[in-house]
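Quick heads-up: structures coming right below.
You will see two complexes here that share chain A, one where it goes with chain B and one where it goes with chain C.
And now, the complex of A and B:
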């Protein structure tokens, strides 16, 4: 299954430092929260892209490989994403979520981008990216306990507020979410890496 | 934490040029503020004519082919990219005087300065490199 990206950057055949230089330029044009796929054949690019993401604060999602071609996925961070500004009053922590995983009547709603979900998510969780939530409300059962999760608790906070506005009452925002999730995950197994 | 990278470039071969400009452009890509101080043979790397055709070290001529097949960008291309990304280039006044070189002999967009110009920038740099 292909991984969804908003932009594709072709760096195939380019040597260091070109993949990084081109990534920087492409990232400047990308909207916050969007995902870019960087295609490269430079074997050093896997380590370089991760280091670059770390030093610039953008989110490295993962890499797949197919023959000589590496596909790196990055998500452009929002400048205020790092600061935790939780407003939705009903939250649970990761430990609590792990305890209710097996319970009936529980839905785990993952509001991250599809590419983030593809690389790693909680088994059985439902993927609806934050930006598409309002158009997919009917996929959710109001009678169930809905645990909303994202990477750090910010997008899920916004999602929880959207759901509360729509009349949902059994909503819990999971804080922090996937960035520190220690429970079971389902990982993307594609590629021959 | 400072985000400055201070580099001294004092050798004038093709290998030296790649070391300097690869590190500089990578750092600039990661939003670092980069200044390179070119001194002695390092001035070759920004000399209008010389930087177009830098020598490989003696006995390493066979690597010319490798640069081509690895699709490594040419030095003038890397220099242009570095300048475009805001890498600051300082040519050493003292060396220029010794070698009888003028600012016009160098690529566009450089500054000329002395050791103190570099030290002033480097004093709170987080990374300092010498090539």
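And now, the complex of A and C:
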């Protein structure tokens, strides 16, 4: 299954340093929170993209490989992601979410980008990226307990507020979310990397 | 202006002069493996942190020394060298071919003349710490533990008008791809491999057994095999001219071989101890030990040769001075350094089971040899 990205950058056939130089330029244009797929054939690019992401604060999601072609996925960091100004009043922590996972009335709504979701998510969770939530409200059952997750609790906070505005009453924002999730996950198994 | 520096020129500076290196690979690669030497200073700043400008590192570069910028393959070092040049630094060098070229460079150094006529050379793969040997006598040559880059030996033999007749591996290598079989096919020479290490190989070879004598040229140069297991089950040492002991990966100048790369360390601890503490002990004290690896540049003597008298090693090498057997077992099986890069695939390649293309072979050999119990 393909991993969705907002932008695709072709760095195939380019030798170091060009894949990173081009990635850096593309990232400058990319909107915060969006995912870019970088296609490269330089084997050294995997370690370099990871190190670069670490030093810049962008989120490295993972790499898949198909023959000679490596596909690296990066998500551009949101400047406000580091801020801890959660406004939605109803929150639960990761431990609490783990306890209710098996309950019948529980829905886990993952509002991260599809690529983040693909690489690792809670089994059975529903993927609707924050940006598409308002157009997909009908997918959600108002009678159920909806636990909203993202990576650190910020996007899910906004999602929770959107849902509350739409009249949902059984919403809980999960804090911090996937960044520190210790429970079961389903991982992307494609490629050999 | 920026200037390329070949691996050969870098080797000369590493051995004889001094060098300031700005290594622009990522931190992990730098910490794992870098160019080292007595008068080599290096700092690490990944190229991707310098794309917007080199101003922040200018203050960290010495003003009275040439700067060599190093990366994995060359491209990034050229970019950074250009930026340093634009920022006003004069004479900035970059390593031609990057660390890949550095890993592949072989430096031949003469060890000595052989008593019965002929010469012995050590080929030093400085970047990876691998040593191979070239025995020349009366128009013929034998090469021991040859590296994958066979051109270097062929050119050397051609210069000296020698026909390569024997290719010998002291054991099935796990850190580098042997050039022995390839050279044997090209030159019509015989490829020798200890039979106990060759049980799974897919090609024909001459079995190297204890006591086997191999003649080079018509004179009396005899290479004599001495079964000395421990690093692998087949590991065999070679005596040349009753003067030199080629110890393979069993005994190094500063360390001893690790017993875990071809299976379980526990299985071969006893063999390793018997070889080092009994078999080697019975040999002449005056033998000059020539190992297949070194770990630090300080192991090179003033002539650039890695060698030491057996008597000196029995006195100074810590691996030969662990009296308690249990302590020895721990020393060679616990807290070992990481294994050599891709060592399983390298062993498979040396057995002929897989045939990766040249570029993959290069990638597999990246990094230090890591065949000793200490780094």
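Annotations
To be clear about the criterion, the second predicted complex is superposed on the first by the 193 of 193 C-alpha atoms of A that agree within 3 Å, B and C clash if a C-alpha of one lies under 4 Å from a C-alpha of the other, contacts with A are read in each partner's own complex, and residues count from 1 in each chain.
Please note the rule applied: contacts are C-beta pairs under 8 Å (C-beta built on N, C-alpha and C of every residue); 3 or more make two chains touch, one makes a residue touch a chain.
The structure displayed is predicted, hence computed values, not measured ones.
Overlaying the two complexes via chain A brings chain B and chain C into a clash. Looking at the shared chain after the overlay, A:32 reaches neither chain B nor chain C. In the superposed model, A:136 lies in contact with neither chain B nor chain C.
Once the two complexes are laid over each other on the shared chain, residue contacts for A:13 go to chain B alone; chain C is not touched. After overlaying the two complexes on the shared chain, residue contacts for A:43 are found with chain C alone; chain B is out of touch.
Using the contact criterion defined above for the overlaid structures, shared-chain residue A:179 touches neither chain B nor chain C, since it reaches no partner. For the contact definition in use here, the residues of chain A common to its chain B contact set and its chain C contact set are 15-18, 20-21, 24, 48, 52, 55.
Of all residues in chain C, those touching chain A in their complex are 26-29, 46-49, 51, 71-73, 75-76, 79, 363.
For chain A in complex with chain B, the touching residues are 13-18, 20-21, 23-24, 48, 52, 55-56. Chain A makes touch with chain C in their complex at residues 15-18, 20-21, 24, 43-44, 47-48, 51-52, 55. Interface residues of chain B facing chain A in the complex, by the touch rule stated above, are 22, 25-26, 29-31, 70-73, 81, 85.
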